[in-house]
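Chain IDs A, B, C and D follow the sequence of writing; residue 1 opens each chain.
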Amino acid sequence: MERAILLIQCPDKKGIVAKVSEFVFRNDGNIINSDQYSTDPEGGRFFMRLEFSFDARQNHRRDLENGLAELARSLDARWEIHYSDTVMNMGILASKSDHCLVDLLYRRRSGELRVSVPFVASNHEDLRAVVEQHGIAFHYLPVKKETRHAQEQEILNLATGATDFLVLARYMQILSNEFLSAYPHDIINIHHSFLPSFKGANPYQQAYDRGVKLIGATAHYVSAELDEGPIIEQLVERVTHKENIEDLRRKGRNLEKLALANAIHAHLQHRIIRFKNKTIVFA
Amino acid sequence: MERAILLIQCPDKKGIVAKVSEFVFRNDGNIINSDQYSTDPEGGRFFMRLEFSFDARQNHRRDLENGLAELARSLDARWEIHYSDTVMNMGILASKSDHCLVDLLYRRRSGELRVSVPFVASNHEDLRAVVEQHGIAFHYLPVKKETRHAQEQEILNLATGATDFLVLARYMQILSNEFLSAYPHDIINIHHSFLPSFKGANPYQQAYDRGVKLIGATAHYVSAELDEGPIIEQLVERVTHKENIEDLRRKGRNLEKLALANAIHAHLQHRIIRFKNKTIVFA
Amino acid sequence: MERAILLIQCPDKKGIVAKVSEFVFRNDGNIINSDQYSTDPEGGRFFMRLEFSFDARQNHRRDLENGLAELARSLDARWEIHYSDTVMNMGILASKSDHCLVDLLYRRRSGELRVSVPFVASNHEDLRAVVEQHGIAFHYLPVKKETRHAQEQEILNLATGATDFLVLARYMQILSNEFLSAYPHDIINIHHSFLPSFKGANPYQQAYDRGVKLIGATAHYVSAELDEGPIIEQLVERVTHKENIEDLRRKGRNLEKLALANAIHAHLQHRIIRFKNKTIVFA
Amino acid sequence: MERAILLIQCPDKKGIVAKVSEFVFRNDGNIINSDQYSTDPEGGRFFMRLEFSFDARQNHRRDLENGLAELARSLDARWEIHYSDTVMNMGILASKSDHCLVDLLYRRRSGELRVSVPFVASNHEDLRAVVEQHGIAFHYLPVKKETRHAQEQEILNLATGATDFLVLARYMQILSNEFLSAYPHDIINIHHSFLPSFKGANPYQQAYDRGVKLIGATAHYVSAELDEGPIIEQLVERVTHKENIEDLRRKGRNLEKLALANAIHAHLQHRIIRFKNKTIVFA
């Protein structure tokens, strides 16, 4: 028995659930989990995530995918299928802060995040030891204004082909639109504020100056506009006037680690569909 | 166009989603929302909530229900269907505390809870004015040990037929097993602790004495064992050593009101399926 | 025995706590609670809240206050003293939404908020019945662009002298800077977003469009810049892609009610000191 | 300039704050932070935490402590003083689970927890590598029923003298009352439930079976009665019917790590006073 996850989106109309579930049944699949969402029940957009098991011998993947392609054409649908024996490849970019990176590497090693990490690249040397301790390749790719293009090209060379998505684990450089266009997959970033509050640099200082009573962290897909991409996960925690910026940073690191880990967990389980500038995150 | 909600549970096996959604499609229904859950994908129990619209003229309810009965037989399923034009009747039992009662009556009046309240009954006179202000019948049904049976019989006479479910809005009497057997529908209670901690009397005093750092409230269906019924909703809030019992009560009232309102909201939308001593609450 | 609360702020230096607590002791007072905060232990600003009981006969308030004035001069301090037998007067401005208003009136009637409400004024007639049911004067003060000045003058006439502070319970008008200058006390507003996100109009729509995973509410003191005043309390709750704007509003109302009630509770207990654009809220 | 933290508890009476703060002032100290709490303002027990800086040259510690001893006698007070240049020694006991251990070692290495770890002892070999990677001594102390006494004696030999407190980082053995009597300092445990719910073994299974809607973790001081010691910190997170026991464990690990880290953070900053079976945790 093999497991697959099907993600599908199309214009909403009658009978989609019936058609898709009937297709799975006809291919001798057993639905383990299904979830759907329509932006508007009367003529909006339809999204579905379907997890099912099927007999790997009889139903060859190719047959299944051919059938799906045909079904999708009839529904004017975009779709993707993922098989549970596939381990995704996650490239990581970092700078000097290690809390998110160490947390992710630990969750990978412990098996909580079922993911392969082909490399960690950083514009600083500081994190080499902790990365290599995990048996992972570390690439030091320093950058200054005039070398940005070349450095991003190096990242692209590393990442293209070898990765299914990238994670910015407190990578303190802004990726150019050229890079975002050239890299073909999703990029997940952790921003250390409760977006859309406190975009840009130094969000804890901004939060402290504004005197907010809750601080937050936001994991989101990177888009061309800084800190404006589709939000995946947000967490907050109370702070009081007694807490200085260092306290905010300490509490914030806990939020950053967890928000990023939750977002990656959902991404690895193919629970997320992007639509316009928002995400559907199936529970 | 009419809307219906179908709840179904049965032994899990291949093809259930296909069969049910195909049935809706065949009856010219449009699925607005569907959610399912299996206790165990390999041979457990299957639960489904399906919200769909259909043409009220062509698909007479009786035809739909006959078809469902037949489908259910083939799946060995228990099922219920609810139509969105039906307003449920919620009987309320209270004692002296009015915070949950006032909150529920307000949410009903504002239209947030789409529900009819045929009566409020209480073992004290205190709440008559606030109830009658809302144009709702108030029944004073005092009780002492030796009159319990007769008092419960009066509640039964009021509630049977006139109500679809009962809510105990801080009703400080324990309903007998006889009553629970005789009343044919669900009863929702709000317990002022984070169950299973602090069952029984005076949970805030218990919480204060134990020195917990979070207090809670729990909305649950009433079962024969006190404070042991299926949990629907739980909420908590931080407390510190500085807060005395009166502070805990004040914070707790906010939790009680909201946990109870959330539970009733889910119940009214037919989002809850009970199974053994637990609930499936579809989001 | 009488109780008093002393709030004091001054430049930080050695010995302030000793001087203030010694002053209370010398006046035969018993400190029930004291809390302090310094922006910077090495030469910042010092804030203190001191709750103490004293014998009302022997220590006449005038003597106490004269002594405090002298002490304050020596510390270059700003101070205020409040006696626990004083009930504050809270004027309320509202528009059409009644959830915050009803919630506040209930908390007042139940004794949870120990406050007097001399009037509710609104630019709409809708809320008259619910206000008068509580035995509180209702003033209908309609406003359009060209009558703003006159309408605000009417509010000022009602509020000056008769109130110790104002609450904007979802009052959908922006008070002019002239009004803010003329009204001598604090004004507390509830904004239906997690400030500084989604300032201005229609924050739930803004939140929905941005696809945030948490929505919030913020109680703050009103200042000349819209939605930029010192924050007192913030609350949030999770939302998912499944929830439409109406769901966000429903969840948001719970946050608004509670954030505003918490802020007023702290204000009535004189737990808040304003400093620049921030608040110190003593626990 | 040196910093000290003074913790004091005594029967409540007039003038304590004045006496203590005056003492600090007389010794040329500058109060950076003070917080107090009384169980009952009219004759209960008084608790105070005072953080102050003083000139290390002029005010020798011995003089300060002699003065404090005298002051304490006059107040019938228990007291302790801690100097900020002292780094505490934290011994760790663990078993096979590494999530709390790795988290603590990371927080120590990053400087977030300013603490020295003289050793980690475990009844299993599994965690040796990760401990030694941090340059910390690892002691494998296997135990079975008949060797418990001897094993605990080995722990005592390691810990007495070398540690200021012990942390049970998911140590799956119950320490005997003999051990608890013999070890002279505090022991902090992390229990993987929201105590007092689900004491004892397998709390996630218990939580799953009961169908709670929130799971939790509790950091507490160990006392002779299992899972009944004074609670320091509690955290919770929502779960739904969809989440199986493995999901609960995954979410729970995040709570365990953070609750334990928060508790140790407060302990290291001497923010906690134990009284009877409760804690005062100064913010």
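Operating definition for what follows: a residue touches a chain if its C-beta (ideal position, glycine included) is under 8 Å from a C-beta of that chain, and two chains touch if they have at least 3 such contacts.
Not measured: the values here are computed from a predicted model.
Separation of subunit A from subunit D in touch steps, taking the shortest path, is 1. If you average the Cα atoms of subunit C and of subunit D, the two centres end up 37 Å apart. We define each chain's centre as the mean of its Cα atoms; on that basis subunit B and subunit D are separated by 42 Å. Each of residues 37, 240, 242, 283 in subunit C touches at least two other chains. A complete topology is adopted by the chain contact network, contact being made between every pair of chains. For subunit B in complex with subunit D, the residues that touch the partner chain are 37, 194-198, 210-214, 216, 230-236, 240-242, 277-281, 283. Subunit A contributes residues 98-99, 102, 106, 110, 112, 133, 240, 242, 250, 253-254, 258, 283 to its touches with subunit D in the complex. Those residues of subunit D lying in contact with subunit C across their complex are 13-18, 21-22, 24-25, 28-38, 41, 53, 238, 283.
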